[in-house]
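Here chain A shows up in two complexes: once beside chain B, once beside chain C.
And then the complex of A and B:
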């Protein structure tokens, strides 16, 4: 396998061919924030939080899915990158509901953590209506509160690639896009076994383990 | 520069249901020339020399794209003809499909030969279902004449999504998946349909090929401007006396098209390239139509003085938000946030900070979106902010006044 040399934030990185920009940055100690990325899953590149600037390209590129190439000059914290990244996270927060929105001290939500790191400031964007779906708790293994979902699609990939099941899919377009089961049916015990892998990958509180009645004080 | 009929040469002169009328007009001569006299590499070189650029909107050099696919080693390669024509106000591909399907088929045959593809697919938009029989008939007739030996041409019908005109979403759609843009690289010429090298070209691009092969790259290169060679079809609609499909030499002025030919008057602005196209105000009506300036897919929509800019931008954004595939954040959430703002402006409920928010959103969508839809969605907003900023400001002032009245009553 060939070796690649590229410059990231002024530091030279030497990595194997096929390494993504995100992985290459890590080898020289540069962290790029991500949301929909997980090292165990095939990248989907949908959240656009990990964008970076590659000199000579018109738009920013997603670092989790773009293989690094010889001679690339990459900036992970240029003004263009920071402005776009911040607005993207702000947009996600604007469409997001959940405990973390009202209670700043809840640290369970990865999106909230990202927003805090990027120091949002006063909200600039609003949605016409918040995302709202009824909570689904028909299944003893997974409780779904899709109002909190930020459409990172990690549950879809985890279910398909790790659990080898394919329970989830996407339906509807634009802002109405939603992670669904079958024809937007409830997640019943017939469809889902109890692996609960998707819950581990959910960055927000959209998927959680239902609290058993006996545990409720 | 005048109108020039190259692509429209046969339209109205041949019978689209009868291949003999096409053969009588030198039909399939280019295909025979290719087979007899040219190697695939020579065809690619010829197209490259002609500097033909994609007519589907992006304007990527056609020969260069072919070369990338031709160089790939693979047991299978695909050629896709993009007949999705979802762009608002675009109807030039339909005109070709309806009146001259044979030139397209000839172009497909030559392109497939050049890149080494054994299977071709025409992706026909759902709304063009009524053209399906005509196309099938044309392919069958060409096959009967022994002109398509060893070449599969399938027709795949879309299901009515604008995003499926985008090349990667189109391939997902053919593969039976939900049509959503893929990230690039890998680019289709190396990894496209079913992971194989794939070339996707617009109907008009492919229909131009036989003319170039027959008359030579030199001939083609002499038409048009330095960076925009050849002629281009324009579908003109909106506030004009004579809407329709027109063919002009590239570099002709917008004024010639919409005023002299189509008889528009009292023009306020013209949108070129469909929903995500750029806006040209009347003061710039002599802008040349070329890749260097504005072009896109060649959809030209004329707005006269009676049209309100804000209402137009709002409706355009409403369309784009509804057609966004919903995969990536900046477009999915950004179009929604834009509608929130534009909707308020349209109904007289604007705020002082709205213009700034629109500009911030536009910048991010343009830089971070995954595909061309989100990247270009803010162009109408930015262009109208540039040329008609006063309309936004007036609307905001009116909104403030209305609110102050409401507070008083």
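And then the complex of A and C:
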């Protein structure tokens, strides 16, 4: 395997061929924020939070899924990157409802954490119609609150690649897009095993373990 | 290079046959039924969710039976800027159903779609495969009356 040398924020990184920009940056101690990425899952490049500037390319590139190439000069915190990243997170927040929106002390939501780090300030983008879905709690393993979902697709990948069940899909289009099961059916015990793996990967509160009746205060 | 696929390849197991199978079903039956989606998922080794997802993504695939005349109005920006909203309201008024519905007598289905490539004559609509452009309320009434 060949070796690659590239410059990230002025520091030279030497990595193996096939390494992504995100991974290469980590080897020199540079963190790039991510949302839909997980080292355990095949990158899908959905959320665009991880974009960086590569000198000579027209557009910003997703660092989690772009392999680094020899001689690349990469900036992870240039003004262009920061503007795009902030707008992306603001847009994701605009389509997101959940307790983190009103309760700023909620620590469970990765998107909220990202928004706090980037100091988005007052919302700039308002949804004409919020995405709203009733909460689904049809089995003892996974409770789904799709109003909170930001369509990062991690649950789809985790179910397919780690649990090897392939229960989820994504249906409809644009604002109506939704993570679904079969024909947009409830997630019942017949379809879902008790692994709960998708819950661990969901960055928001959209997937959670149902609280047992006896545990409710 | 062989770029045109023959009917035969529809029996293949490859994932890339999915859209062709769905289009074929739409063409043959007027919609893609649950049975069809289930069968397709099984034959291609995909999850039902994935097949349903692809089917609902495309405006020209339908998961429910459609009427004899399928009216499709473009909801993309060029038509929107030429007052497509008014045209949508006007069609809804004329046939008494909202987008996404079919009249009780099965005559009309009303759908919103993405760009139909008729931006130059926006606002535009399709009735089955016929394009109508530069729509006005008067024109719509006339066109719909002609649907027999």
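Here is the rule we use: the second predicted complex is superposed on the first by the 217 of 217 C-alpha atoms of A that agree within 3 Å, B and C clash if a C-alpha of one lies under 4 Å from a C-alpha of the other, contacts with A are read in each partner's own complex, and residues count from 1 in each chain.
Simple rule for what comes next: a contact is a pair of C-beta atoms (placed from the backbone, for glycine too) under 8 Å apart; a residue touches a chain by one contact, two chains touch by 3 or more.
Not measured: the values here are computed from a predicted model.
Colleague: Quick one: on chain A, after the overlay, do chain B and chain C clash, or do they fit? Just give me the call.
Modeller: clash
Colleague: Counting only touches as set out at the top, which of chain B and chain C does A:182 meet: first, second, both, neither?
Modeller: It touches chain C, and chain B stays clear.
Colleague: Given the touch rule stated above, what does A:170 touch, chain B (first), chain C (second), both, or neither?
Modeller: The answer is both, since A:170 touches chain B and chain C.
Colleague: Please indicate which partner A:66 is in contact with in the superposed arrangement: first for chain B, second for chain C, both, or neither.
Modeller: In the superposed model, A:66 contacts chain B only, not chain C.
Colleague: Could you figure out whether chain B or chain C reaches more residues of chain A?
Modeller: B
Colleague: With the two structures laid over each other on chain A, which partner does A:139 touch: chain B (first), chain C (second), both, or neither?
Modeller: neither
Colleague: For A:51, is the partner it touches chain B (first), chain C (second), both, or none of the two (neither)?
Modeller: After superposing on A, A:51 lies in contact with chain B but is clear of chain C.
Colleague: First (chain B), second (chain C), both or neither: which does A:19 touch?
Modeller: A:19 contacts neither chain B nor chain C.
Colleague: Out of 26-34, 314-322 or 350-358, where does chain B collide with chain C after the chain A superposition?
Modeller: 314-322
Colleague: Just to be sure I follow: which residues of chain A are touched by chain B in one complex and then by chain C in the other one?
Modeller: Residues 169-170, 172-173 of chain A touch both chain B and chain C.
Colleague: Which residues of chain A touch chain C in their complex?
Modeller: 166-173, 180-184
Colleague: Could you please specify the touching residues of chain B with respect to chain A in the complex?
Modeller: 161, 163, 178, 180, 183, 185, 321-330, 332-337, 339-340, 343, 353, 356-357, 360-361, 363-364, 366-370, 375
Colleague: Where on chain C is chain A touching in the complex?
Modeller: Contacts found on chain C: 34, 37, 47-53, 56-57, 63, 114.
Colleague: Going by the contact rule at the top, pick out the chain A residues touching chain B in the complex.
Modeller: Result: residues 43-49, 51, 59-60, 62, 65-67, 80, 83-85, 87-88, 91-92, 94-95, 124-128, 151, 169-170, 172-177 of chain A touch chain B.
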